[in-house]
Amino acid sequence: MGDYKILKEKVPDFIKALDKFEVFAPVKKGDTVRFEKIDDPSRATLDFSNTNVPPKELMFPETETLFRYRVVSTEIEPKVPSDEEKRVVLGIRPCDAMAFSIVDRLFGWDFPDPYYQKRRENSILVGLACAEPCSNCFCTSLGGGPANEEPLDAILYDLGEFYYLKTITDKSEAFVSSAGDALESAGDSERAQATELAGSAEKKIKRTIKTEGIPEKLPSLYDHEFWTQYSNRCLGCGICTFLCPTCHCFDIQDEIEAFDGRRARMWDTCMFAEYTLHASGHNPRPTRKERTRNRISHKYSYFPTKFGVIACVGCGRCINFCPVNIDIIDVLQKSKEV
Amino acid sequence: MVDENVLRDKAKEILSSGEVRRLIGWKRGTYGYEAAPCVITDASQADDLIFDATCVQNPASFITLEEKLPVPRGQQPDTRKIAVMVKGCDSRAVVQHLVEKAYIRDDVVILGIPCRGVIDRRKAEKIFGEAPQPVLAVAEKDGVVIRVNGEEKKVSREEILADKCLRCRYPNPVISDYPLGDEVEKWADDDFSDVSEFEKESPEEKWAFWEEEFSKCIRCYACRNVCPMCYCVECIVTKLKPQWTRRSTDLSENTVYHIQRAWHLAGRCIECMECQRVCPMDIPIMTLNRKLTKDVKELFDYEPGVDAEAQPLLASYNPQDPEEYIM
Amino acid sequence: MSNDFEPNIIGFLCNWCSYAGADLAGTSRTHYLPNVKIIRVMCSGRVNPLFIVNALQQGADGVLISGCHPGDCHYLEGNYFARRRFVLMHKLLEHVGVDPRRVQMSWVSASEGAKFKDVVEKIVSDVKEAGPMDQFRRRQLNW
Amino acid sequence: MINYRPRIGVYICHCGINIAAVIDVKAVVEHASKLPGVVVARDYSYMCSDPGQGMVREDIEKEKLNRVVVASCSPRMHEPTFRNTLKDAGLNPYYLEMANIREQCSWVHEDPAIATEKAKKLVEAAVAKALLLEALEEKEVDVTPACLIIGAGIAGIQAALDIADAGFKVYLVEKNPSVGGHMAQLDKTFPTLDCSACILTPKMVDVANHPNIELMTYSQVESIEGYVGNFKATIRKKARYVDFDKCTGCGICAENCRLAGRIPSEFDEGIGYRSAIYIPFPQAVPAKYTIDPERCLQLTKGKCGKEGPACAAVCDAKAINFEQQDELVEIEIGTIIVATGYDIFDPTRKPEYGYAENPNVMTGLEFERLVSASGPTGGKIIVGRDRKGEGGFEPKKIGFIHCVGSRDKSVGNEYCSRVCCMYLAKQAHLIKDKLPDAEITVFYMDVRAFGKGFEEFYDRVRREGIRYIRGNPSEIYRKGDDHTLIIKVEDTLTGTPMEYEADLVVLGVGLEPRKDVREIINLFKLSQSTDGFFLEAHPKLRPVDTASDGIFLAGCCQGPKDIPDTVAQAKGAASSALIPMASGKVKVEAQISVVNKDECRGCGFCVEVCPYSAIELVEENRQGNIIKVASVNEALCKGCGSCAAACLSGAIQPKSFKDEQILPQIAVLGVKTE
Amino acid sequence: MMDDSNPYLPYIAKIEETWYETPGDRCIKTFKVNFADEKVWETWSHKPGQCAMVGRLGVGESMFCISSSPTEKDYLRFSIMKMGKVTNALHELEAGDYITVRGPLGNWFPLEEWEGKNIVTIGGGIGQAPLRPVINYIRANKEKYRNLTVLYGARTRDDLCFQPELQCFLEEEETTCRLSVDVCEDKDWEHFVGFVPDLLMEVSPSPENTIAVTCGPPIMIKFVIQNLEKLGFKPDQIYTTLENRMKCGIGKCGRCNVGHLYVCKDGPVFSYETLKDIPEAFA
């Protein structure tokens, strides 16, 4: 498809030109980076390692209204995103993008989820190839890579003075055409530089795990003591899952204010004790051992068994952010050894 | 400071005596600037134990994290002790636990480790970048010797130690059964100038600051879960009957969550700074906690976690307490 | 602040002194501003400071806590605990940027109907100046 | 959490026009009827009246109401009334919630629109809470059939006799060596002029002899613990240094005391004198001597004369014992009556009246002793005698001054002492009786002759030729070297400043709370009203009750009053104290705290804050693990809820004031009415 | 199925009748409901064993099995035990009130496959609710099945649900029905006293051409299955329904998984053949 370039100083103009879309891009607050809707182009940044919160929140927000109602009436008003809310998401890292193609399977399975799907359809994903992977990145072990394109609509490469923009899908052409002056055309030389960048980035990835056999092995470790080595120090905080681009568990709660109510869903995590607690008080996963086991097994065994793909993209967030050094690569490696 | 071999030997001795059911300490992490807390139950695992300036975590948190599973009929619960290694700051958590009757003195074996400070991962990353290999670091009187990415360097304390250490008032454990290593000299003090500075801001400025910070919170509750003082059976934050805070994340609920937790730590927070360390969103939680720590000290001349015989701050009063703002 | 702002203030009054004091203001036909709505508790010591936070979140612009004078608590010492808790919570809220005038405490005895009026006038005028509390009100955002 | 189907009835009271004149009652009814859970909303002119209550009862039956909200006056007024209404209709009385739309709405807000909006909100909040009310069980405990009465003035005496006559044990504790209180000091009593001693002394004797009364004079309550029905008190019987049983009351000791006639007599208000071993007055009960440990030479100096204590030497009964110690007695009682009386205003606090300097300026109470036939002068009106009873003169011009220390903000007493107008009238009359030629002038601000027969008496006194001048003297000073006093005053009826000469001025001193009132407050956890007297539970409807169950008030300790009122109140207190004793059972507070053991972490914060030590940590088996959790003693808990605010996880909650019941109120009140 | 485009939107249903099956703190109340919009019936169809999310606006929803058989027309029945927030709120409701219904959800008992076989149902407590539609379906289609045996037990006599119907089963010729209670002080109780797995052993149904369906508390299911195996039942002859905490009911929210299976979507009906390798199924 097309090759373009954007001078770095033109990025704000580029964003401004996309006024037909809602533009989402990473924004820095202190040392944290997170996607936000951009009203002021100067707030967007493309200079970051990866966002703290993965862009899954753009399709599947932390808290989202499913429908509204009045407690005293029998009318309900669904809050499904409309077709009109077209968006461009700028600066998604390839690993996070790949997570969408994994989670798509879940949200598209059997009962399609209109909230997630509508946003997916409405969004044009513009990736940002990694030049400096973080030290805990292991995307290559899961079929990804610093410039992996699936399921991006376009991808940016940081080539110093400018970004090289490569469009991948028809969808992306729509937005490129509206970008106007901010875009210049690019060609083979940029393309070559980009390939080189991707290649060298890939070489910088140090951490790996061979996933073969893991999905089959994990269920056999169901009662194994090895889980407690990790679960004993797990805080049960759920950082690993909240920040995981493929974790998708949620809770549904009703909230009322006087007579107005809404049913909303919000992120939840299998690392919380309340997650599986029955109304009767029985908890099928009573301790952190069962919960730790479930998290790892879900990603590396249950999900692949059901949906044919491991629910991990190797972004390294759960390793980076786990406050107690529960390192998924280490866990998986050990699981093979025991 | 302690010789790791002394520490391991002690751990082995205690574990093989059969008097403890678990021992909490640190072992080398899989990467980076932080050790990993670890729970061991067998003397054979004691060789994994370490202590150096990467041992930032507070092991006391893991005492109360242990789940008490239903005891099958006809069996007895394991009531053997828990052994825990503590730095100065960590030891205050144990003291405060005792004040709050979380367990009794006889339930714990305390291995006290004098400490010259631990490093702050975020500061270190700014200086040396990411560290794919586990880092070794030793705090000395005049700086920290750190082995990172194959090189050994020495940096000043100010540059690399965690903030809590730069104002540490209790480098030596305030309670211990087995003091391991020689006591170290106190090298810092706390004047709460950071808090005083913030106090000077106008309400609007303060709120602007918190609005930005609180809106980042993803309510993972890591700050609560890691906090050695947050060990309620049922935390009001997640309680449904009544529901004080809603699970949905927005500025309102997030703010209330933070006020609630800060309030619950009033006169109880022992300043281990774990809450702020673990926050994936870099929320300066200590700015709230330290405000209360300062006020509690100034208004009531009270400091939690130093005297196991003390009364809990908010479960006691003095008829002469200040009456500021009361009409 | 515009003068037509009528603050909504929730008052937590202890049954024995302050609630009785407010009753006395009533029996004495002491007219005062209607902005404070009272929730009766048995003792100021019952007031969990988180009620204040909850009230601000639920939409109150200000919160008043009132109890017996020190030493006069019907339950002997409840107000001493209340005082400690209040002073700290007040400081905490101030630190978060909540205008400190929004949250006040008073000692009003069963015989101080007139004082109750004064307390009400004071907090109402203070909160009027502070303006509507909309910092962390539970809003219907994204609803 | 609501776990039933709410059927709430809301009743809005007009309170005549007290509510309805300001609040649009119909609009409130309309609003209430739409609230969740409400099945009926009605209004009525007087909800507390029988038809009003009947309406509620009927709805409970017909509409199957399970919660009731009454919006009317203060719950402090009628909560018990409506609780009973519910109970009568077979509903748990704690399913009632009240909205105070009178005291805290219609009476204090003028604007009908605003008041109506506020009333709606208050009703809404009450409904929100009512939804979450729980049925509470009113438990009963056994009552120890005994009453402790503190203070043996006429109030304590009367209460003691009534209770004892009803067949219950009474412990009557009096601080002084004799019972009788102030009434014993009085000469004749207004308005009927019966002789005080004549009507009082028989009662004093009765209390001493009554088989059901254990009289403990010269004693004090040291400590008190427990709760209604089950109090425990420790009484300190102070050492009299005289063996109570051996003393025959002959009085030889006093006559022989080396300090005889040297110590000003408290009973005689300092115008008569006594010995160091004494009975306060001849008719004292018990007629047993007491050694004043602060004056007795033997006790203060360790020796009395060369030969040793004279009293001991002369006592044939060998009753004197300098080694005697205070004795502590523990008693168990079911109820308590506080009847500790009053002190008179100390006129030195009004130096302009020259009381301290001039022996012929005296207090009304001194005058009572002066005029009393059993007093130091034998009832002769002679002023200025010395200690030996020599000298002195018969006054010719006498001034009486009203309101000394009463109705006077400058000394901090805003209240009227209720007895001074009348006792001054009485005293003026008594002088006129004894010194018909004396020129008597009474300076008054107002004359309050409101009691039965008072106005008639006042009229009579004026007709006797006693001059009443309306004016408040600004100064009293000695004219020259003799005893003539000048009273400076402005006649406020004519507006003329005047000076009067007098050779005796009687100050109509008011009644004040006792100087040691704090001790009693701390002991019994009582409250004070603004005037400093003990606070009754309700000024109209519970005038003898205190805030603490089982503790009652009688006499002037609750506020100034004359003897008939004192006796009436004493009888009231006696009958109130008899209620639990006669029924043998008493209800304990139902709104007490409960612990949710599954949420308790055993920190004991609640234990530390509970003022009644009602909580302890007990062992609990949580699925095989032994842990400690809080547990509340139901008889001790008063339901203050302090524990709930101390508990971090909300594991302990006072019934009817649980977090889950208060938060919905906050939620409702937080929403603004626009 | 409901609104095809949005599986989170519930139908509004009106309660027509309610009654209590059992008394006590954890009482069971049955709700007979009809859709507020009668047109829903045109697209609605459910099979025995299927569930629905039943809720109350402002409170939330929970998963309950539809305890009426598809053969019972124009109404749905739910039998709900009072347990937590949602069930408490539902218990408050009475005829004339509205609830939300989202379903039918999950899979169902393969009754077509079972045609021509003997059927044994083994229920405990509220676990009888999902079995009720099975039983009634078979009774309505007697000709297609061979013998029907209903084994049902509860803690006490009062805790037995659907008592009037049980009476019918007892009286009916073609149905074998045996009841049990764990504890009994009642002298005129003529049935079994003891636990359901023991009742099963006493009755000892033959595995020959038989399907056994069981539902009840997890511990009961565990022992019933053990006993069925002792009696010679093969894993594929044993069916059960699982319950787990659920929020979405449509295989998204993730909380009801046992191993790789979502109880809400892949279940709640499972053959023991499927479950036997998933240890978490009986956790």
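Residue numbering begins at 1 within each chain, and the chains themselves are lettered A, B, C, D and E in the order written.
Operating definition for what follows: contacts are C-beta pairs under 8 Å (C-beta built on N, C-alpha and C of every residue); 3 or more make two chains touch, one makes a residue touch a chain.
Owing to the predicted nature of the structure, the values given are computational and were not obtained by experimental measurement.
The fewest steps needed to get from chain C to chain E, moving only between touching chains, is 2. For chain pairs A-B and B-D, the one joined by more C-beta pairs in contact is A-B.
Ranked by how close its mean Cα position lies to the mean of all protein Cα atoms, the top chain is C. Of all the chains, the one whose CA centre sits at the greatest distance from that of chain A is D. Seen from the Cα centre of chain E, the chain whose own Cα centre is farthest off is D.
Centroids built from CA atoms put chain D at 55 Å from chain B.
Centroids of chain A and chain E (each the mean of its C-alpha atoms) stand 39 Å apart. Taking each chain's centre as the average of its CA atoms, chain C and chain D sit 31 Å apart. Computed from the mean C-alpha positions, the centre of chain A lies at a distance of 46 Å from the centre of chain C.
Annotation for chain C: residues 49, 54, 57, 77, 81, 85, 138, 142 touch two or more other chains.
Along chain B, residues 69, 236, 241, 244, 250, 314-315 each make contact with two or more other chains. In chain E, the residues that touch at least two other chains are 85. Taken in their complex, chain B has these residues touching chain D: 68-73, 75, 77, 100-102, 231-236, 239, 241-242, 244, 264, 311-312, 314-316.
By the touch criterion stated above, chain C contacts chain B in their complex at residues 49-50, 53-54, 57, 70-71, 77, 80-81, 83-100, 104-107, 118-119, 122, 135-139, 141-142.
Within the complex, the chain C residues that touch chain D are 8, 10, 15-17, 19-20, 22-23, 25-27, 29-32, 34, 37-43, 45-49, 51, 54-55, 57-60, 68, 72-78, 81-82, 85, 109-112.
By the touch criterion given at the top, residues 5-10, 12, 36, 55, 57-62, 83-87, 98, 218, 243-245, 247-248, 250-255, 257-261, 265, 277-280, 283 of chain E touch chain A in their complex.
Touching chain B in their complex are the following residues of chain A: 29-32, 34, 52-53, 62-63, 134-136, 206-207, 229, 232-233, 235-239, 242-243, 251, 253, 255, 264, 266-267, 269, 272, 274, 286-288, 319, 321, 323-325, 327, 329-330.
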